[in-house]
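The following block contains the structure, expressed as structure tokens.
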């Protein structure tokens, strides 16, 4: 199933977890719990030592995962070991993609990712201006390249990005980096309006932490929701409390279901959008 | 008895102690012990808070005396309370002389000193260039003004000083400030030679600590010896050890006698000085 | 914004508008002197910063090395290092851009204090992000920043050091792009930072070039500068790059050894130009210390100011093209040079700066081989900063290493 | 060697030859520029010391006080204060005199560090006498001196503070007059020191006078400088003394109160010009803090550099004749001014220097009476030194006093 297909039957719920957080085995269980909770696509973080685009929650997840021994090689094993059927998107920083293999450049990484079944990438520190080589490699191996559209992205920059994007566009709900917030920004609506003319699913992320949020976001026109920090928080709390992985997996599944249900409810409340294809 | 008279019957032994070191009553005993030990003149230090010309031994004596409450007023009482018959010289710094009484200037201090029986002054921070007013007051009240001649003093400066000096001249045996030393400098002989033409007793001080030293100094032509630090050391050691004042006084008397005897022995060994009057 | 393949703008999308706005401002105000920006900057550098700094003949070093050794005295700049040149430029630029809030990250605190000073001078609110662990190790600098009216925000995430502070500052900038300028402290980061910081720092070589002509009637045969991120290096080199007769030496921190432990992810040095490889870090493609996976390695140097796993992209490029020679000096030699300069010239240098003098000693000192050393007869060393900030480290490290020219340190056991 | 009745040479006979030799050297080299001494001195001051220092407009203070406030930036001199002007001059003079050993005393360590620096620069062996108690309180300065190759001799006699160190240095000088020069750190002591130190420091006012003309087209209406011994004061005033249109304010340390406890021998201030009386101290007749017997009182100030019971004889004379106005500022106001300058201008001043700004605030600040304040429209304040040395004191004293404009100090309980 391609990424775009995941949006075919209603709003897509796209959860994020850092692979290997807090350890390899638990993390496999947690990711699988997300599918059970209704995930349509899963964003898997491959941790980079300098995660400049992340908030504290995911920064700490990155530290736990790296301390647990996560590497690009282990990451690919992790993907192979995962028992999920929904499409997987690898979220990581460009240096790991660029440095993989013997030749510098993104091709070896993309080739390997394709071989283990990754469907696409989100690379927060790779703007459209620098993404040519990665886009090329993705095309060669049939993978999608997701771009993040910020509330401040418009005009020429937006166009350049939309020319290169595939799979879905990650609509950043508000300024700032990742992190669970208790309200959803007005900026989201404006971003969705700006993107209305582009024929690609729009998934909204940054700050969504409850079913009610998810519902509102989808009601306002999003094709999907992306949730990271709220889920990573559950992993972190379980880790700190020393809870067993089954308990933590159950909590993840519960929140995932709440979010998915919220998204579905939001879609049903959506006024018809005559301008959307 | 005037200061110069003290040199009439052979070499004069001139010990120094800081008045009130380490306390008023003991200090009275100590000064009296010096007379018993053979002192011909006694230099009594009136402690000043910034004794720039002193070595560590006398600096510490100054601190003890000040902490014991010594002041110019108490100093004059101290002199009155002393039961000694040899002439007393007050050794102090100019600011105490200058500030005494209501009118600034040395006259009130000199007047008061004369009234309690002081015979003269040594003022280490008052060079001949600045000593006019003090010399005048001394003349008015019949007191002597002793100057210190350093090994480096010569020419015009020496002449200026010798014009103003009376009582005796304090011949500094070596460069540096006060302090007991184990050898006596060659500079002493040279200084005495330079002074040979001046008709005033020459007392040598700085670094004399034993009868043997005293003997050598007098043998080489001194009319007297001045001993400070070696005696102050006895006071300091007694104070630190908590010895009773009688014991300390006995030690002072013993060293004084050794020094006096040394001086006398030195005089008897002296070759005749045809050029001396 | 490119230097060969290096440079670029590898930043989160949310920052791109800020970066583009800054690029525009850089071109207008810095390159174009619009509204007299550069004039005001230079005037303030002179009057507030104390420029020009002297190019001083080092009499005793000149004797020791049997050549003319001149010192470019950036240690005399207000705040004690070249850092203010850049901080003042950026804070002033932010004012011209209509921003009303300044943020910056700091590791050891030097850039933070320079930024705080510039903000106090220009009446701009200032917040400095600093790792909690760095805060505990660098209390005097934290106090200085607070005295200058800055808020110091402790970053507790992760290990609480510079990398976390950088993320946190990026996060703040991404959240407040509209009214906030992020003052980056070296010739690193996304374009236009590497070019802009170089331009603010190039006053060093501009002055040195003129002063060399005045004093020696010609350009120097070589210029030496220590290199961490590379801002004093690029500042000292920029105006000499076109002068083929002047050799340029970037002296990196060799740390305890040039060997790296890839498995532990630790490089016991900060010699990215010498031992690093191409990669993408903090917004730019450049030479970095990384393991075979591309994870950034923990670097090390006796000097916290050189302790950085990357280097400015332009400097990496100039080394690749052969215009700049990258060399390195280890902890021991740097510390010995620290003591030597203090004793022989009466200048206590920053430990960063000491690395440059360590190289001079190695190739021109009494124990040098005597072969042609490439430095020539007229050497300029950039004294990038003063060492008052390093007194505690100097005590600790001198003890550990038993530096033979060091003074007797017995009474300093346990620090100041 | 006299300023009215003040000055003179009240020193032990053994020092007189040294004093006379110095007097001769002063006349020949300093006044007569023999062998180009003054030229070399000025060149070294520029290149090693970083002169000229700027005369900087203080934008925010100018707003606050509704007049043109300019700062003479002696804090930018190498070493962080005006002290080097004098130390470099005297060490160079000793070299011209053929001396081969330098001694000096130091209290808080500022003069000692400046002397040690100058000696390292000029390759002269250097010994600094310092009270044992002061050594324990000023360890960073002790370390600096040692780094610069000086020997630091602890003085354990008496209370182990400045006065004992002065005696000990005099004693050394008296013992080694032939080959040794004693570098006195202020415009105090026997002639020729007060005149000579003033001449070395007068570069401050010489520059300021020229800079004032360049920037404002005229001389300042007033010059403010803090006054302890008075070397920065005389340096800042010297060239203005003949300019009747420029008022001169010497700002002393008012300490906790101007009242003195004669019986305890303690003056809780260092305001000798304001509250002292005529006497003889450390070789000169001048104004001093003394009790009715003439014993010198223990002075006090929040700033150790102002904490001295005397003052230079020439300054005392200029105050007596009315040319200089002596005023004073207490510990609290000085500390508040320290924080104000740090926050508003990005300059952390020495606590000494802060006193001058405290006076500016008192007569021209928002709480001033508004009457004619005598400072005029164009005020120059001498920023005699930087405050890095005072960070510990600032923490401790700010806590004790609860200064309302101070930053939150909670994390600094217990010092740095």
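Note that the chains take the letters A, B, C and D in the order they are written out, and that residue 1 is the start of every chain.
The rule we apply is simple: a contact is a pair of C-beta atoms (placed from the backbone, for glycine too) under 8 Å apart; a residue touches a chain by one contact, two chains touch by 3 or more.
Since the structure is predicted, the reported quantities are computational estimates derived from the model, not experimental observations.
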{"item": "Maximum centroid distance from chain D, chain identifier (CA atoms)", "value": "A"}
{"item": "Centre-of-Cα separation between chain D and chain C, whole angstrom", "value": "34"}
{"item": "Intercentroid distance (Cα basis), chain D paired with chain A, Å", "value": "65"}
{"item": "Chain centre separation (chain A, chain C; CA means) in Å", "value": "37"}
{"item": "Residue numbers of chain B (touch at least two other chains)", "value": "none"}
{"item": "Every chain pair meeting the contact rule", "value": "A-C, B-D, C-D"}
{"item": "Residue ranges of chain D touching chain B (in the complex, touch as defined)", "value": "8-14, 16-17, 20, 157-159, 163-164, 166-168, 170-171, 174-177, 265, 278-283, 288, 290, 292-296"}
{"item": "Partner chain C, residues of chain D touching it in the complex", "value": "46-48, 50, 53-57, 59-60, 73, 75-76, 78, 80, 116-121, 123, 139-140, 142-144, 146-149, 339, 342-348, 388, 391, 394-395, 407-408, 411-412, 416"}
{"item": "Residue ranges of chain A in contact with chain C within the complex", "value": "48-56, 59-60, 62-63, 66, 71-73, 93-100, 104, 124-127, 129-130, 147-153, 157, 161, 172, 175-177"}
